[in-house]
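Below you will find the structure I want to go over with you.
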Amino acid sequence: MPHRVLHFTATALLLMATWLIWSGHYVFLINTYGVLSVIAVVALGVRLGVVDEEGQPFRLLPRMLLYLPWITWEIVKANWDVAKAIVSPGMPIHQRLVRVKASQKTDLGQVLYANSITITPGTVSLDVRDNTILVHALTQGSYEGLLTGEMDKKVAWLEGEG
Amino acid sequence: MALALDILSWIFLLSGATFAIIAGIGVLRFPDVYTRSHAAGLGDTLATLLVILGLLLQSPDWMVAVKLIMVLAFVWFTSPISGHALVKAAYAHGVKIDCEEEDAVSH
Amino acid sequence: MSEEPKAPMKVREMVVLRVTAKMLIPFILLYALYVQFHGDFGPGGGFQAGVITAAGLILYGLVFGLDQLKRAVPQRVLEITLAIGLLMYGGTGWVTLLLGGNFLEYGYLAQHHPVHGQHYGIAMIEGGVGVGVASGLLVIYYALAGRGRR
Amino acid sequence: MFLVATIAVLITMALAFVRAALGPTVFDRVLAVNVFGTQTVLLIAVAGFLMGRPQFLDMALTYALMNFIGTLAVLKFARYGSLADDEKRA
C-alpha cells in the first residue's frame, strides 16, 4: 500500500513539473489552478486505473536518458536508408516478414521494443505476442539490422531487472 | 554568431522540408500499405525532427522552445503507436503482404 | 509483489495500445486543464478544454472498451455534469441580471472592481463551457459507440 | 526561409492527399490522412513563426492529439465496425 501512495505522489510531482514548464505564468492564481488540476488528474487517473508502475515507469528514467540519444541516431540512420530506397529509380526494396524474439520480461519492455522497431523507418512491428514480435522489414539492410538483435539487447538493458 | 545560427536553422529547415517531400513521394510511390507505412514513418520522425530543430534555433524565448520540444516529443511518442495500430489492423483484415513469414526466434 | 496493481482489464491482444495509453492519458487530461485555465493568455478556453478532455477519455474507451470507461465515468454522472455546465453558464448570466446589469454583464459581479468581476465572470463561463462540452461529447460518444455498423 | 518550409509541407500534404484519394484500401486512406495530419502539425508550427505568433504551438499540440486519436478511432471502426467492442468480443 505505501508503495502505491509513493507512486501516486511521484506521478503528481511529475505532472506538476509538466504544468510549471508548460504554463509560463507564475502567479498565485495559476499555480493554485495547477495544484488543483494535478490532484484532479491523479484522482481520475487512479479511478481509470492508468496510474501504476506500467503507466509511469519512473525506474526507467536514468537509463532512458542514455537510451534516447542511441535510438535517435538509429532513427536518423534508418531514415537515410529508407529515403535512399524511395528516391532511387529502381526502388530497391526487399520486403520480409519475420518473427523475432522479444527477450524483455515485462509487457512494458516488449512494448518499448515494439515501438522502437516501429519508430525506426524500414521496420514496423505488426504483432506482439508470446514474447515474440512480428516485424515487416522494407529493405535488406533493415532486415539484417533487425536480426543482429542489438536493439533487443538495448531495450532489455533499458528495462533492467524487471 | 547570429548569422551562423540562421544558416544552421536554414539547413535544418531545408533538409526537413526535403525529407517531408521524400516521405510524400514514398507514400505515393510504394506498392502497398505496409511499405507505405515506412515512408509515413519518414515524415513523422526525421522530417519533424529537422523542422522542429530549425524552428528551435529561431525561437524567441524558452517558453516557445519548450513547446516545440513538447510537440516533437508527442509526435515521436504517438507515431509508432498509430503506425503499429495501422499495419496491425491491415494485417488482421487480410491485406496481402508480398512475401512469406519467416521465423527468426529459434536461432 | 501481490500488491502490484493490475491493469484494469487484461487487453492482451492490444498490449502496445494498452501500455502507451496508460502513459498518455494523464498528460492529455492535464493538458486539457492547462488549456482551460490559460484561456486568457493564448488560444484556448473552455471549448477546446472540453474537447481535449473528451478526447482523452475517448482514447481510454477505444483502448480499454466502452464498458470499462462507463464503469469509471458513468452516464448518470455525465448527465449531471452536463446540467451543471449549463447552469454555470446560464447562472452567471442570471446573477448579473439580479445584480442590476445586463445578461452576462460581468462587471456587476464585483461591484467595486468591474475588472475583477470580468475575471470571475469569464472564469465561470469558461468553466461551464468546458464541463458542458466535455460531458456532452462523452454522452454523444456513449450513444454512438454502443451502435455498430452491423 | 519559413516560407520555403511551408511550401514543402504543402507539397507533401498534396502528395498525401492524392494517396488518400487513390486508396485502394481503407488503410491506405487512413495512412495518408495520418501523414496529412502530421504535416498539418508542422504547418501550424512553421506558420506560427512565419506570422510571428508562436502561440500557435498550443494549437499544433492539440492538432497532433486529435490526429492521433482520430486515426485510432477510424482504425477501430474500420476493423470492428464499432467504437465500443474490445478485441475479444468482436
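Note that the chains take the letters A, B, C and D in the order they are written out, and that residue 1 is the start of every chain.
Here, a contact is a pair of C-beta atoms (placed from the backbone, for glycine too) under 8 Å apart; a residue touches a chain by one contact, two chains touch by 3 or more.
Here the structure is a predicted model, which is why all the values come from computation and not from measurement.
Counting only chains that touch, the fewest steps needed to get from chain A to chain D is 2.
Counted by C-beta pairs in contact, the busier of C-D and A-C is A-C. Once the centre of each chain is set as its mean CA position, chain C and chain D turn out to be 24 Å apart.
As a whole-number value, the distance joining the C-alpha centres of chain A and chain C reads 28 Å.
Between chain B and chain D the centroid-to-centroid distance comes to 12 Å (mean Cα coordinates, whole Å). Taking each chain's centre as the mean of its C-alpha atoms, chain A lies 15 Å from chain B. Contacts with at least two other chains are made by residues 58, 61, 65, 72 of chain D.
For chain C, residues that reach two or more other chains under the stated contact definition are 13, 16-17, 20, 23, 31.
The set of chain A residues that touch two or more partner chains comprises 22, 114-115, 125.
On the side of chain C, the complex with chain B involves touching residues 16-17, 20, 23-24.
Residues of chain A that touch chain C in their complex: 1, 3-4, 11, 15, 18-19, 22-23, 25, 30, 33-34, 37-38, 40-42, 44-45, 47-56, 107-108, 110-111, 114-115, 125, 128-129. Residues of chain B that touch chain D in their complex: 9-10, 13-14, 16-18, 20-21, 23-25, 27-28, 33, 36-37, 40, 43-44, 47-48, 51-52, 54-55, 58-60, 64, 67-68, 70-71, 74-75, 78-79, 81-82, 85-87, 89-90, 92-93, 95.
Contact residues of chain C toward chain A in the complex are 3-5, 7-8, 12-13, 15-16, 18-23, 25-27, 29-31, 33-34, 37-38, 41, 60, 69, 72. For chain D in complex with chain B, the touching residues are 1-2, 4-5, 7-9, 11-16, 18-19, 25, 27-28, 30-32, 34-35, 38-39, 41-42, 45-46, 49, 54, 57-58, 60-61, 64-65, 68, 71-72, 75, 78-79.
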